[in-house]
Every structure is written in C-alpha cells, then in structure tokens.
Amino acid sequence: MTARVIIDRIMGSLAGRARGTRRADRLAGVLRTLISERGEATGAALARRAVALYVGLDAAGRAHLFDKLAREFAPDPDAVLRAAVAYHAAPDAKSLAALQRAAEPPRQEVFRRMNMAPGGTAALLELRRELLAAQAGNPALVAVDHDLVHLLQSWFNRGFLELRRIDWNTPASILEKLIAYEAVHRIHGFPDLKRRLERDRRCFAFFHPVLPDEPLIFVEVALLDEIPREVAPILSMDSAVADPRKARCAVFYSITSCQQGLKGVSFGNFLIKQVAEDLRAELPNLRLFATLSPVPGLRDWVTKVLGPEGAGEFGPEASPEQRMTLERFAAHYLTREWSGSHALDPVARFHLGNGARLERLNWMADASGRGLAQSFGLMVNYVYDLGDVERNHEDYVKRHHVACAAAVEKLAREAAPALEKARHTPTFPA
Amino acid sequence: MTARVIIDRIMGSLAGRARGTRRADRLAGVLRTLISERGEATGAALARRAVALYVGLDAAGRAHLFDKLAREFAPDPDAVLRAAVAYHAAPDAKSLAALQRAAEPPRQEVFRRMNMAPGGTAALLELRRELLAAQAGNPALVAVDHDLVHLLQSWFNRGFLELRRIDWNTPASILEKLIAYEAVHRIHGFPDLKRRLERDRRCFAFFHPVLPDEPLIFVEVALLDEIPREVAPILSMDSAVADPRKARCAVFYSITSCQQGLKGVSFGNFLIKQVAEDLRAELPNLRLFATLSPVPGLRDWVTKVLGPEGAGEFGPEASPEQRMTLERFAAHYLTREWSGSHALDPVARFHLGNGARLERLNWMADASGRGLAQSFGLMVNYVYDLGDVERNHEDYVKRHHVACAAAVEKLAREAAPALEKARHTPTFPA
Amino acid sequence: MTARVIIDRIMGSLAGRARGTRRADRLAGVLRTLISERGEATGAALARRAVALYVGLDAAGRAHLFDKLAREFAPDPDAVLRAAVAYHAAPDAKSLAALQRAAEPPRQEVFRRMNMAPGGTAALLELRRELLAAQAGNPALVAVDHDLVHLLQSWFNRGFLELRRIDWNTPASILEKLIAYEAVHRIHGFPDLKRRLERDRRCFAFFHPVLPDEPLIFVEVALLDEIPREVAPILSMDSAVADPRKARCAVFYSITSCQQGLKGVSFGNFLIKQVAEDLRAELPNLRLFATLSPVPGLRDWVTKVLGPEGAGEFGPEASPEQRMTLERFAAHYLTREWSGSHALDPVARFHLGNGARLERLNWMADASGRGLAQSFGLMVNYVYDLGDVERNHEDYVKRHHVACAAAVEKLAREAAPALEKARHTPTFPA
Amino acid sequence: MTARVIIDRIMGSLAGRARGTRRADRLAGVLRTLISERGEATGAALARRAVALYVGLDAAGRAHLFDKLAREFAPDPDAVLRAAVAYHAAPDAKSLAALQRAAEPPRQEVFRRMNMAPGGTAALLELRRELLAAQAGNPALVAVDHDLVHLLQSWFNRGFLELRRIDWNTPASILEKLIAYEAVHRIHGFPDLKRRLERDRRCFAFFHPVLPDEPLIFVEVALLDEIPREVAPILSMDSAVADPRKARCAVFYSITSCQQGLKGVSFGNFLIKQVAEDLRAELPNLRLFATLSPVPGLRDWVTKVLGPEGAGEFGPEASPEQRMTLERFAAHYLTREWSGSHALDPVARFHLGNGARLERLNWMADASGRGLAQSFGLMVNYVYDLGDVERNHEDYVKRHHVACAAAVEKLAREAAPALEKARHTPTFPA
C-alpha cells in the first residue's frame, strides 16, 4: 500500500466522518426546534423527521449526536443554582416548578417528542442500546443514559405492560424472537420450542402496546411433581407430556430479558409474581413456586479463591468429598459474598432481591458445556413463597441477610475452614 | 332542631372527618413504603393496596391526602441547594443525577408506583380531577398537580395513543360515552348520534391502550361540498346521506376533550392533523380542511366594550348595519385581543395555536340558545392548510400575528372607529 | 281519466311486467348454465352474476322466476320412475346414486351455486322470504320452498352456529337490530335495551359465520330469586340491578326469531338448552330454568268456546270466580287442545315440544294492551328441567301427554263441567 | 408358538372384534334415536353422545358401523317405488316431497345430526377418511360415501369458506400443518417455510369457520419477472427477496389439498381464481397468472409406450434429440391422452378443467428425485387468462380440446411418427 493510498483512505474516512457529523448537527438542529414553542404546531411531522434522521445516521454521526446531547442538552448550572436558591428561600409551587424546569435536562423533552413519531419508541430503544455501548468511550454519556432510562422506566411502567401467554398458537414471527433471545437454555429451533410450549410447560411474556410484536421479557415454566434437581429432563424434547392439573410445583427454569435498550428497567420481579398468581388461579393443585437457576459467577469466584488449579478439581468426576467442598463454597458464595449492597452472583441478586429463598444446591444439574463452565454444573433452586417475600426482601436489603434453607445455611457455615485455609494461599483475591 | 341535635351532627361530622383523615394517614404510610427500597419486592401488591385505599377515601380523606402530598412528598430545599451547588461546581453526570434525585418530588414516584396497579391509571385520572377541584381552596396543591400532569404528559404521549374511527359498529358502551361527553353540539340520544356516524360524517377518537373503553378526545367531521356557513344542516338528523367520495371539504364541526383528569395534556392538535392526513389518503377529492367553530367569548367581550345595552342590539333581528358592526367587532376580537401570549378567545387560541387560518365569519350560523348566548349566533371557519401551518404558528407565537383571510383583516381594521368611540364611554373595560 | 290514459297505464304496466319477465327468463338461462358442466370453470363469476340479476328483479320478475323454478327445475317424473324401478330391482350403490340424481330437483343445485357468491346466503334468505309470501297465490311454489328449506336446514345446522352473548359492549349496529326484531316485549330504544343487558339480565343470540352481523334468533334472560308471576318488574327500566351470582332462577322472558327467510329452520330448542348449560356453568347458584311466556291463542280459543260475550268477562276487573274459571279454561287449553300432533297454542307447542313442563298460570301477568288482547293478561311459566326433558318430550310426542304441575292438572280437570255446559251453547266450535 | 397360544390369540381377537361390534351396534341404536322424533328434544346431547361413541370405536367397530350404515340406513326400495309411481301420476309439491323423503337415505339425516355436536364436523371428516379406506373391501360403502360427500359439498360450499393469507405472523400451529400437508415440493421445516412466506412469495388457504385451525387447501405463489423454467430458484432458501410491486408474473408453484376426508369436494378452482383476483387488485403490475406444474403421469405413460428400456433414455444426460423426443411425447400425452372425459394426467386434468392453457414444456425443471421419477424432471406452465377461462373450459369439456400454445401444439403433432413406430413394438399399451 503506497502512502498515497493510505492518505486517500484516511481522508476518505475523515470525509465520511465529517458527513456523519454534519448530519448529526442537522439532526441536533431539528431537535432544538422540536422542543421550542415553534415545534408545537408541527410536532408530529418534526418528530417523524427527527426519527428518520436518527435512523439514517452512521456510527460517527451517532457518536457525535450523543456527545451533543450530553453537552448541549444539559441543564444550565447557573440557572439551576438560581432556581435552587429561590426554592430554598420560598419553597412554594411556583419556585418548585421553576426549579424543575431548570433541573430537567432539555434532552428529556427531546426524547418525549421523538417518542411521538410512529416507530419512535423502537428508535429510542435502539438509541439506548447504542448509547450503552458508547458509554465506555465517553463517560459524559452516562448522564444522557440516565435521562433516557428515567423516561423508559416511566413509559414501560408495569401498569402499561400486557402479560401474554405464549403457546403454539402464537405467531411464528414472535416465537422466532423467543428462539433468538433465549439467554439461559438455548432453544434449538421450532421443534425444541414446541415441547417447551406443551400443556405441562408454560411461557409468558410482557409486551408493551406500542411494540405489540416485541417481547420485553419472557419466562419459561415447567409444571412438575416436585422441585427438580437437574435441568436435562425439563429440556428434553422426548419427554412425555404430563397432565398440568396434577402438577404440584411450578418451576421457573428460564427467564430472559429481550431488549438491551431496556437494561435497568426491571420487569422480572413483576413477571414472576404475576405468573405465579395466574398459575395458582388456573391450577389449584400447585403448591410450590420455585426456580431451577444457574449460578453464573460460581467458577470465577472459586477460581479467584482457590486458583485455577484448585478450581479444576470440581469437574463431573469429582469425588464425594470434592463435591461436598464445592457445595460448601457455593453456599458461602451465594449467601455471604456481596458486591456493595447486592449479592455478588447476578442471578442470586435477582431472586433474593425479589424476596425468594435459596432452597437447595443441585450438583451436576446442568451438564452442558456452559453449565460446567459457569458453575461446575451446579444449579440451585430458589423458592417464591408469596407470604414470605416481603420479609425476605427486607432482610436482604436492610440486613444483608439471605433467606435460605437450614441445609444451605449449614453448608455455608462449614465453608469457613476451607476458606480460611485458601486465604493463606497467594491466589486468594484481595 | 335542638342544640343537642346540632352538636351531635357537628360531632358526627368531625368524627367522620377524623376517620377520613386517619385513613388518609394510613394511605400516606403505604405510599411511603411503596417508594422505599422495601416496596420493591411487593410493589405490585402494595400498589394495588394504595389504589384501593385511595378509592375508598371520602372527601375529607382525599383533601387530607392531597395536603400531605403537597407538604410531605416535596423535595427537601436543603438537599436541593446542596445538589445545585455541587452541580454548579462540577456539572458532570454524577452531580446531575444527584441533582435530579434531589429536585424530583417523591410524589412523582408515588404516582408512578400507583400506576402499576390494575386500574391505577384510571384512579390517577380521577385523583387529578379532584386535585384540580381542590386547588381553589389550597394553592399548595398546584405543585402536586404540576407533578402529576408532568407524568400524565409523558404517559399519554401521542406515540402511545391509538386513533380509532368511531362508527355505528362501535360498541354501544363507547357510543354512550360520546353522547355524554359531547361538549359543543349536544347529541340527543342514539338516533341523533347515528346520523353523525353515517358515511358522509366521520368521527375519530384517541384512546390509550390502558383505558381501551375510554375515549380521550374525539372530533366529528362532516364531508361537504364547501365550507359551511351554518351548523344546523350539519346537525340535522333528516338530511340525505351524501357520497363521501365526492366531498371536497372536510369540516371539523365539534371537538371534545373527554377526561377532566387530562386537562392541560393536549391531543387536539395531533388529532386534527392526523385525521386530516388519514382522510386525505382515503378520499383524494378532499381539497379543504376547515372548521365550523364557536366564538365562546364574543358576547362577554362585546358586553365589556359596549355595555349590556350596546351588546343587546346584536340579536337575531339585527339590522344589516348592526350585523356589519358585530362582524367588525368579532374580527377585531379574534385577531387583536390577547390574554398574555395567547388569543383571548379559547377556541381561537386552540386553532390559531395549531397554525390554522381564520377564514370567514358567519352571522347567525348557530341559532341555538347557547350559540346566541355565547356569540350572538356567530360562528367562524378556521382553515387548516397543512403547508402553511408551521409558518402561521410561528407568526402567532413569535409575532402575535393572526393568519386570516383578507376580508377578515379588513373587517378588523374597520372596527377601529367604533372601538375608539366605545372607549370614551364609561363601560369600556380598563 | 280518459280511456286513453287508462289504456296507456295498463300497457305501461304490462310492458313493465314483460320487462321483468324477460329479465327473469335471462336469469333462468344463467341458472341453467350455472348447473351445467360449463358452469364449473367460471362458477364463482356466474354465481355472482346470478345473485346480482336476482337482486335486480322487480316483483313481476321474481314471481316469474319462482314459477320457472317450480316448473322447469323439478325432477323429470319419467326419469324418476325409471330410476326407482332400477333401484327396486337391484338396490345397490349405483342404482341408488342414479335414483338420487333423478329425484333431486335441479333447483337444489341452483341454490347451492348461488350460495357461492359473496352475499349469496343473504340473497337466498331474501328469496325465501319472498317465496313464502308468494306461495299463497301459487301452490306450486311449495315444492320450491321445500327444496330451499332443505338446504337452509343443512347450512344453518346448529354445528355451524355461533352463540354470542349480547351486552352493552356489542356494536350498536347489532343492538339496533335486536330493537327492531324483538317480537315479544317491545324494546323502546337504546336506554330500554341497556337495562335488559345489565348483569342481572342476559341476552344471547345465534349467528352464522357467513352473516356475522345478523342475529338469527335471540333470547332474553332475567336472573331472579324465584319464578316470576308478572312481566312488568322484569321489563322495568328503573329496577335496581341485582347481583347475578345470588340468583337462583334464570327466566327466559323473550325469544325472537329474526329471519323470516329461516322460517321452519328451528334453533330455539338448541338456544335455550345451550344458554341454560352455559349459565349453569357460570353461575353455580342457579337452580331453576324457567320461562315467563305468553299464551297467544287463549282469547281466540275462549272466544270460540264461550262466544265474545262470555270471553268479555275475563277482563282485569274479573271477580275471583271468573278468574278461577279463566285459569281452568287456560289449563285445559294448554294441556288438552291439539292441532294435529301439536299443542294448539303456538308457544306451548314450542316449549312442550322441547320437553319443558307447564309449571304455573299467572293471572294478569302482562297487563299490556297486547297481553290483554291475546290472553286476558294471563302468562304461564314453563320449566326446563334438563333431566326430564327427554321423557317429557317423548310423552308429548308419542302419547300426546303434556307434562305439568299437579295444580295445573287439577285446574284442567276442573274445566270439564264448564266446558260441558258451553258445549251446549250455539257458539261452541264444531 | 403353541397351538394353545395361537387359539388364545385368535379368540382374543374375536372377542375384541365382538366388543367393537357391540359398541357399533350401540352407536347404531343411538343414531336411530337421533333421527327419530324423540331425538328432537335432546338432539344436542344425543349428537354429542353419538360423536363420542364414534370416536371411541376401534377398527372392527367402525367397519361394522359402516356396514350398518350401508344396509340399515338406506332408502326402502318398495317405498321409493311407490313414491315414484305417485309422483309420476301427479307430479305436484306433495308427491315430490314424499318422493324426496322416500329417496333420501336416512343416513344423511344421521350425518346432519352428528354434525350438530361440538367437534361433529371434524369427526365426520375423520369418518369419511376411514370410509374411503374401507371402500376397497366393501363396495356397498360407496353409497354411504356418496351420501356423506353430498352433504360435505353442501357444507363446504365456497360461500362458507374464508380465504386467509398465510404469512410469518400466522400461528405456528397452522404453519406446522402446512409443512406436514405440503404435497408437491416438500417444506424442510420452519426456516424453509419462512422463505416461502416472504413478501415476494405468497401463500393463501381456505378455511371453514367451524374448523378455524385446519387449512382445507393452500396454494403457494411466487411473484416473479417472468414465467419460470425451473423450480429450484423458487424453492431456494438463499435467494434475495424481491420487491413484489415490480413483479409481472404470479406463479402458482404448489397447490395442496389438506383433508383426505374432503376428497372430491373441490376448492382448487375457486382458490386459484380468487387469489389471482386478489393479487391483481393488490399489485397492479401483475400481468400474468401461471403455474409451474409437475406432470406426474408422464413417465408411467412413456414407459407403457416405449417400454422401460425406451423410457430409460430420457435421463438428465439425454441428448438434444432425445430431449426433443421427450418433449414431443409430453406434448402429446398432455393434449391427446384421455381417461374417459378427462385428461389422463391428473394435474393437467385439474388445470385444463379450470380453463387454463398449456403454455410451455420445461425440460429438467425439477431435478429432484421425485421430479425425475415422475416425469424425467420435466415440468410445464399452465396460464390462467381470466378472459379465456370459460371458453377453454367449454372446449375442454364439450370438444375434448386442450387449449395450448402453438409451440406445444406443434410438438404434439410431431409426436405422431414416433408413436406410430412405438405402436408396432410389443410394449405399446392396448
């Protein structure tokens, strides 16, 4: 490659970037009009144009736009300070309204207006997805994201969501999305999914009226006789279909958030509890609502504690003693390891935060490659006892106490000596 | 009535009020839990309880609750000031987030949480309706209302609204509501409504997905050959049904906002423009989109200018000269009288703010009692020329200039001498 | 009017008739093509043309067409006889098929083909309605009607009908039809109908998928504490709405067949029993399924027996003795008077034929003009006891025995002396 | 196996058969009641019982039932003869009604009554399917089948069918059926089907309201630039999706009847013409409606004419001369070989009977194993020219003339010498 060619390429790339940037500037101009008085009469048309312009932006243009949103659509610190002083002096309705006007970033109104256009909500979810990705390189975008997520939380308020049962009569276009989105136990095509939608399995998803074909989150449930110890029988495509009316236990064995653009807008808690209520009403024989959940951070943590070599001992052919040691470590990990005010394990954080109880550890419950890689195949059951959920949640939040079965607590306590020993090895994490 | 009885009644009433107050206190406690960390696990159940408690409150309880929302769920002025100072010192994402946390009244989160319950949105609309009524006696409630309307504007964002055509196949339960809500030209029962839904008439309404049976706003349209000069032929139940495909002019002859709880959340602009677009797509012969609108403030204003006696001359049997004088006054009133930055007449304010043009005055266009009482029977046509709407709106907002036909402008100018003369009479308003 | 004018008119009328006749001849030609081999390729288009031609025929044309259908689209007697002889000689599949081909009137295939066109079914119902009217003047049409009703019975087979609940959420266009069709207790506009659709009232209708907006038959039900003695409280618009879950008795107080073109195709039996089953499933407290029914033929029969003067004594101010006499006559009339193998009273015929039991006579249960005119205001209750329905029906059909309560049977027996006496008066019917 | 065991088995089998027979006898009893007067009151319940009993019958029971339907539910030859004589003597409405009563097999009423039960129609389709299979062993069943098909033709009248577009939003449960039913070009799972439902492909099916989840017949259409010469590009899953609005030619490349129980009830003609009309309305650029069709009987016929050895020469590597010979034979076969009054080839029979024109022969258009096996890979295009359809159909039916392009006619004429030659070989079919 000659210097000429290299220079041409760089120049071309710069030109492309400049074009993207110019487009982003043009869009920023439209957005300013959109939130001005002038934008009121033609709000719908302008909003449509803004969405179209955004959709047409390339990567450089979007980065430039995000930057402008961060810098130029933020509250004016002087104005905020003046309003805060005035509110402090006389905290009445008028000074409060002025304060709110001053403190609300203009980009919030930008997003509200863009949302008015057909396809606006979908475009904003896409924008959020890219904003999240762009944050790594530009910390100022955190504030933009904060504003957008604030609105999304309000718009995707549970009161606006529709719970739909997904079954084999659901349109293929939606089923296809479940197959693509499923994040816990991969779905191998339509025939696999079909077994998961038979009458002894259930699937429910939340939808928003403005995105009627886009599942936001979905949960898969198996209706069983008892709390399961392994996941393979649940996932098997060849298992006989059981009579759901005889099931005593509803097992949430997979829960997947579908929209990256809705990260941090949480529906899972509502979904599980709503589904539990609905199933209980439909199937009075159900006594137990439990999960069969992965422990995605277990191996990482054990490896930190014991080093890669130590962790290597907990494979499928581990001895009974090694297995016992693993279970003790797992019990400790799930009940006593924290990251700030949350359980260290992300799945534990979700269920314990919802008020569930850690019921049982199941060795070699998921022998898939992924299961072994994450947690040596170990899975756990959380139990949702709707009567205890509030107390458990409060203990968890206020006292950093994890509700768990006595056997789990015993295992966790028994982990102490081994941890003590590991602590004196050079690999123990600081 | 003996003193005993009177005292008993007062005591009973006080006891009742005390009971209502206690209930409101209990609800306030629930609301505090609802927005605490603890409320997360059982958010749905708590929200349901809060809504149920609110619905069960009597008038005294509601007044007490509103007061608590105003006082106890407002931002802390000290915290706001600290956050504003910090943001002023270092306006970054973190300080901005802290500022927004400090400046957002906690009652906003209260309303968001209540909205999660089934029926929550409807309960909040009802709450808003009562809040508006209660403001007269308690100015502090303005701030509560400001917060609620802020959320309602976000939730009833045009992007979430569904435009539905209303016709004779619409459920009777919805048609019945149109009959009850209609605010411009009363609908006298189902047979009257049926004529307004024939194929040469149209009716469209916005709905929100969470209130699928509640029209938010609706507009009635007549498909005619030309811009009409009077309303009676449009309202007549006995008129022949015309072929809509031959119509050249779509006339918006009635537009009604249905929900008092959504006062200030405006959809009318979007509704008219969307309907105009849809009709144009369906019926390519349509050339003109106009209104036949009342002038609700005309008589009041004329009475202020000329005194009751002077105003009395513009009745149905007015002479041609008197009629001319009235039209001049009306033209002046609609194009030159302002209340702050808005046209004085509320209907003019709506259409001119939307970017419409004042096209024509029609003497004795509405001979109904109400028409005579409001405006001596005079009605006007506004024209929506979609190409001019943005410019008209901008002239109106920035330059206080009203777009109008040359004939109307001429009438307005001719009003000057008469106004000058009236100004020297004692009845002219200050 | 001069002779010239009269002659012109007659000639004009004849010319009009001739034109109608020519059009009917043209349609008959199309129908012949339609059922020929040639019609197969273009069946849909030809059927559409046939339906359009039929719809365009005037009265004279239709009469002419009916006549042609009777004469020219009937089985050939020679061919039938040959086929019958062959079948008699060798009753196998082939000879049977040949027999059926010969015996089936070609007009049946005409109707089947016309039914293929969009709107074909509706056109055939209209044709049937007119055919029924035309039969009086042309007995040959009975055979045409017989063929059409044979097909309609097959097409409107209960398996194809859809039972829909009618309530206040039903489209106004359908509710309007119920108001127009109601044949038993007139509905005075939408507000009246609304009360009949509240939750302590029910309304159900059968629809056919091809006529989704046309109720075929509907029944109105009141959910009450006990079997009612009069109809006015049920029809009252001002009555309080009761809790349907507490009702013990479902009362069918009105049943109306909507389509004259379906006369003789009976759905009522299925409708009542299906509704009874569905209500029982929804409201487990329901114990009794009964009617409050008119006795439309009572006054006519009593008048025949006693003469107009004798019948005149049973008005609203009848003495207790007269009232008792009337009830005896009514009991006799309903349980012992037959027309061929059916009860003489048409409503009794319907309910007794369905297997219901005559439970009670209610004096002055319908004080409306119509009620007094038909039956001196007397109404009766039939009870549907689903366990007895088959036996009752069989007794009725095979043994001409009417299932009734002991009290009714006693009244009927007590009628004998009065009847004996009346028999010796000159007015007793032969 | 000892003699004892053998005897036990036979006895067991006989006992099973006897049990099945007894159940069939019981069902026959129910059916007799069902069509008696007594069955009227409890028709719905009895019909339900009959359907349930039928569904529960084993093979022996069904065979026995069919036999009873043939023998005991047939018209009485004596009664038929009497009625025919009477009708011959006086062919009026009364004698005709009596004739029809006598000539109609009672099993028709049996089927009508069974159809009233929920699931009745589906059960009758199943019954028909088995009846068809059983006919081989019992020719008397032909008459039963004749009666059932007569009713099915009436019930599945085109006027009652609903045309639905099938696309990727269709429920998976229905798509799965298309995959299973497809009879022409196998669908390899959902991803394969998805390509066939993209916007440059179309799929339409007829449904009956009473079987809303069961496609009766479906057609697959490709929207192309011109009439295609081979099927592989149409079936390819990897092809780019084209803009349907630019297509000039709609190609029906697969049409499948789904219900064996509806054999002989033909919808294909209606389906193709309706789809052609609808597509023309939606896509005004479409100029041509054609098929790409197999010639399923070609190899068999060629083999008969030339012997297996002669036929063996027309494989994929045939020389240009051999290919020309094959095309001549194919042209002759499709235009001049008849079975009674129908074209010998079943697909030709369908399209020519519908009035289509044979447009072109395409050598090696279907190189699949099946394509080679049936027709040496040769496929043909039929063209539906809606203006010519009626005339073509008439020529076909009345004059045994096949509408075809001049080039095809030329090929057919050129086949004569080769056929003449073949006729003098011993393998030529008699």
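Things worth noting here:
Lettered A, B, C and D in written order, each chain numbered from 1.
Please note the rule applied: a residue touches a chain if its C-beta (ideal position, glycine included) is under 8 Å from a C-beta of that chain, and two chains touch if they have at least 3 such contacts.
This structure is a prediction, so every number in the text was calculated from the model and none was measured.
Note on connectivity: the fewest chain-to-chain touch steps from chain B to chain D number 2. Shared contact partners of chain C and chain D are absent. Rounded to whole angstrom units, the spacing between the C-alpha centres of chain A and chain D is 52. Rounded to a whole number, the gap between the C-alpha centres of chain A and chain B is 40 angstrom.
Put simply, the C-alpha centre of chain A and that of chain C have 63 angstrom between them.
Under the contact definition stated at the top, not a single residue of chain D touches 2 or more other chains. Those residues of chain A whose C-beta lies close enough to touch chain D in the complex are 168-173, 175-176, 189-191, 194, 213.
Within the complex formed with chain C, the chain D residues making contact are 37-38, 40-44, 74-75, 77-78, 80-81, 83-85, 87-88, 91-94, 96-97, 99-100, 103-105, 112, 115-118, 120-121, 139-143, 146, 150-151, 153-155, 157-160, 162, 209-210, 269-270, 273-274, 353-355, 389-390, 392-394, 397-398.
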